[in-house]
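Each of the next two complexes has subunit A plus one other chain: subunit B in the first, subunit C in the second.
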Partner chain A sequence: MSDPMDFLLWTKGPMFDWAIAIFALGMLARIFEIFMLGRKTNYAEPKGSEWGPGFKTMLTRSVADPGTFKRAGFDVLVGWVWHIGFLLVLFLFIPHIELIKSVLGLSWPGLPNPIIDSIAAVTIVGLIAALIHRLLHPVKQHLSTKEDYFIWAVTFLPVLTGYIAYHRLINPYPLALGLHVLSVEVFLIVLPFTKLTHMFTAFIARWYNGAIFGRKGVES
Partner chain B sequence: MASQQTLGESLRDHGVSRRGFLKFCAATASMMTLPPTMTSAIAAALEQARRPSVIWLSFQECTGCTESLTRSHSPTVENLILDVISLDYHHTLQAASGDAAEEARMKAMEENHGSYLVVVDGSLPGPDSNMGYSTIAGHSNLDILKETVEGAAAVVSVGTCAAFGGLPMANPNPTGAVAVQDLITDKPVINVPGCPPVPTVITGVLAHYLTFGSLPELDSYNRPLAFFGQSIHDRCYRRPFYDKGLFAETFDDEGAKKGWCLYRLGCKGPSTYNACATMRWNAGTSWPIESGHPCLGCSEPKFWDAGSFYKALSVPTNSAGSTLAAAGLTGAIVGGAAAALAKKEQQAVVAEREPVTVEELEQKL
Partner chain C sequence: MSDLSLERGLNALRAEIDAPVAAFFSSCVHCGLCAQACHFYVETGDPKYTPITKLEPLRRVWEAEFTILGRIKGLFGLNEKVTDEMLEEWEPLLYDSCTMCARCSMICPVGNDLQYMIRKTREGMVASGHAPEGLINAASRAVRTGSPMGLKWRTLEVQIKHVETSSGLTVPVDKEGADYLVLLSSMEIINFPEYLEAISKIFDHAGLSWTLSTDCYEATNAGIQIGGKDIAATLVQRIVDAATKLRVKNVISPECGHAYTAVRWEGPNLIEKAYPFKVYHIVEVLEQLRAAGKIKTEGKEMDRLSMHDPCNLARKSGVIQEQRNLMDLVAGNFVDLNEHGRYQWCCGAGGGVSSNERAEELKMTAFKKKKAQIEEVEPERMVTMCATCRTQLEEGLEEFNMDIPVVGLTELIADHLVEKKKPA
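Entry: the complex of A and B
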């Protein structure tokens, strides 16, 4: 790793293999454990079905109820903006699609680069706003742990380094791209072992919520 | 031998007109991003320059670099300048052979001690390797290089093999090939990589040396910044298509016919620094991307081991799909086993449970 090209090839080669292996192993282990443990058998007579309300709740819980929006409008709005921005940039930037195609064999149309660029800029601003709010808001300050700040950094760095690499703000380019790839690898490695697992578990939890209410015959 | 003729005299003898010579000087000034007023300074300096002695060493190479320089479509001022200054020793091109050739090299070194330039193309087996892999006149490449460079003013590594190791160094590097800069640390080394390099870049570097008596400004890979300062991507005429998200996806689709960006076909232009996009090849006729082929990144170190030429720059070098599947499967087994273990423990706890009534508890107390 004596020079930028060696660094880039290390991040694209052995380091990528390690990151993807740790991510897949950790995440699949957690998900399988959750599903296999399941929930305590409910002997009460069901009043409705579990599956329909379960899936419905996976979607409906993504939208904050009016009360929450009124109480914490900033969190809902900024949270939405940067989460959606992050996902669009991740899945609709052409070089990312090429990467996913090479690993999973799946491919879909992307968005033009200037649009992705604007979305990335908005995402960066959103993430910075979220951090400032966390630092200034007394309740959030009190609730925040070291892990919260660590996770913020792990999420922020891939977007920032991607923006830097796209605009070629660091030279030579292999160094800029290598830093971006490495930051994503750090994200993948810590994902299964931190609250970043919510990317997967949030939807599982929502399904269980919806299913429990569905079984009881009430709206979730 | 370095003749006593000036470069100007030599060029005139070769039939180069004053106009042609000044055009070359203006192009050189512009290439090296010097102000136009420097043209006359370059012309004056080149006119008066004594032909420096240049010794050209060819080691583990394919002769492509020499071919690129000498097989131009028509004789140019560039290759005439190269010809008149270069041929004290060039074992591919010189008429002499055997002892006579080696003698010419020794004589040039003796007569121009401390002032001659050494141009190297090709990598060479490193000190830890078997010296027998590449020899000339019974001498190892390493011995010849060390002996020749000892009295040199500077070394110019021409081509990616000499500059970075190149194809001979490709995994598993059977000859233990190394680059010139890995071996020469006590003399200035200028790298002019490319497979092959743009001919004008080589003459530009030599013209700079003749004009200013010094070496051009270099980047972190010791490449002349004037030629390697910008990436192919930044100077590519297809860049607007990249920015718009218009890509060729196969070599014969609509996008390819319309000349859209070749990123998805594996173009390494974003990570490659060279002058192809501006200088072009074959007297400015075309260059790889203009002819519809993605840039291979041939002027960058390790381009030979950087994954497929035809996969996008963002694609990992190994096939990660199987790693992902194997790790995922292992994860599923680990997760399943953990859950099964937890359930087993739970069942054991239930089985061993000894219910106690309130009366029993009161008795115990």
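Entry: the complex of A and C
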């Protein structure tokens, strides 16, 4: 695989299939292992319902309450900036949409390249800010494990290598693109076994939170 | 409690792990925002009080035994173990620095209900013999005497006589077929006897059929505070038995926060069946009476009043507007604290902290958050509806030399009732 084109074909071929398979099966297993634990029957007379409030919290918990925003505005803003940037670049960069179309058959309109480019740059800055905050804030220092830094790198690399490939900062191009694809595959492979699972499980967690409070007549 | 052991503790933790717990731990990204929601962190600045770290014993058991990767790591002996030493270290984190106020549960961006898991983790702490002395004593007194403070019916009987003499009313005791069984808390009986007089007056005014029970008058539940299901179930069963014996349709939980959580939400699950009666907090009953036009008041308090929402009542049970409607009846100059209702800050004494002598200093430090909130709106008096909150507010305000009296909402309503016309 000394030829960059061979490397690119390997990342787009067998390695891609493996990554998708590990991600899909791993994530299914993780979700299964959550739901199979179930919940005990709740005999207390409900004051409100579970389903509606559960779904509502799945959305509303994306926005911090005013008090938390005031106390931890940097956390909230930086988190928003890089999460939104990451999702916009992932789903609205035209070559990404074409790839998704070739795999799933679904497509939608994208954003012009210069806009995606700027969003990617902001996302990179946001992720670096998040890393610095993790290194410096006492609570984050206390909480952080090796996995937190590893996952930061696993998240940062696809954005960085994508930016590098787009701007041809590494040559030849097949090598740059191959590195980008490989970094995404690493992301997919580790996703089901690390805190990256929150991409899916946070919505389950939020549903339970909304449902537990909703049953007691509290909006959470 | 000689048969408590690490293995029993681990089994208790295993038994508590359910789908929500697995979803919560799977979702934590170590963002640390829960710390910003916690008065113990906010007032000390010590990161060890970050709520999610308090749950590490439960998280370790979940990771090692309830995840694929954890089981694989287990084959190579790579999992972090829960040991007696660890639980000893975590005991103050789980008991002294957590009031189970659930503010972090309301803030966590991924939706983790941390309070739900603290409650569960305490089950493991009790079963492994790592619960604080103060709470163990309160729980054993509650089981032995019916009261966490060791009160006997005789003490309450004296209060009843006193109320009857001063109000000229009869306090109904063991009245079969009454609509409402009234429960009290020992704290109220000792510190705030005016509560019993207030409900006697209000219920007489509204024509409510009610009774006390000599079999069971205590609503508080040290079992749910310490995290001992068997103790908690025993205490709840006493209420169910008394209510069933007197054939009441409703049970009224007093001006106490955790008692309401215990009787209203946990009770049926502790005894594993639905109740044959309904449970209300006194504030809910007063609001029903107000809405039905059965409470007629005259005059209003004209000094600047503000209100502390007990966590168990507001954030954990959705009773938020009710107390404000009642305040409207009797307060002409009411101002809410800036963060109130579901985002209110805990007084610092709930979740068993007030029964845990070791936590005394930390409890007062945590109170500084409430103090700051009170200072922002500068009330002349505070109103609340939980005896533990009220005691903490009184002690805290005194500690910081703030001359702000604290009153119970029920008494405030009773003070403004239109006097009944005496028969000619």
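List of remarks:
Just so we're on the same page, the second predicted complex is superposed on the first by the 220 of 220 C-alpha atoms of A that agree within 3 Å, B and C clash if a C-alpha of one lies under 4 Å from a C-alpha of the other, contacts with A are read in each partner's own complex, and residues count from 1 in each chain.
Note that a contact is a pair of C-beta atoms (placed from the backbone, for glycine too) under 8 Å apart; a residue touches a chain by one contact, two chains touch by 3 or more.
Please read all numbers here as calculations on a predicted model, not as lab measurements.
With subunit A as the common reference, subunit B sits beside subunit C without any clash. Using the contact criterion defined above for the overlaid structures, shared-chain residue A:R30 touches subunit B and also reaches subunit C.
Once chain A of one complex is fitted onto chain A of the other, the partner contacts of A:G73 are absent, as it touches neither subunit B nor subunit C. In the superposition on chain A, A:N113 makes contact with subunit B only, not with subunit C.
In the superposed model, A:H96 makes contact with subunit B only, not with subunit C. Rounded to the nearest 10, the angle at the Cα centre of subunit A between the centres of subunit B and subunit C is 170 degrees.
Within the superposed three-chain model, A:R206 lies in touch with subunit C and out of touch with subunit B [touch as defined at top]. Of the two partner chains, subunit C is the only one touched by A:H198; subunit B is not. In the superposition on chain A, A:L8 makes contact with subunit B only, while subunit C stays out of contact range.
Considering which of subunit B and subunit C touches more of subunit A, the answer is C. Shared-chain residue A:A21: touches subunit B; no touch with subunit C. In the composite built from the two structures, the nearest CA pair linking subunit B and subunit C is 8 Å apart.
In the superposition on chain A, the residues of subunit A contacted by subunit B and by subunit C overlap at 26, 29-30, 33-37. Interface residues of subunit B facing subunit A in the complex, by the touch rule stated above, are 219-221, 231, 233-234, 242-247, 263-264, 270-271, 273, 300-302, 305-307, 311-321, 323-332, 334-336, 338-340, 342-343. Those residues of subunit A lying in contact with subunit B across their complex are 3-6, 8-9, 12-14, 16-17, 20-37, 94-96, 98-99, 102-105, 110-115, 168, 172-174, 177. By the touch rule above, subunit C contacts subunit A in their complex via residues 17-24, 26-33, 35-37, 41-42, 45, 47-48, 50, 52-53, 66-69, 105-113, 116, 264-269, 271-275, 278, 315-318, 339, 342-343. Taken together, the subunit A residues at the contact with subunit C in this complex read 26, 29-30, 33-45, 47-48, 57-58, 61-62, 64-65, 67-68, 71-72, 75-76, 79, 137-145, 148, 193, 195, 197-198, 201-210, 212-213, 216-220.
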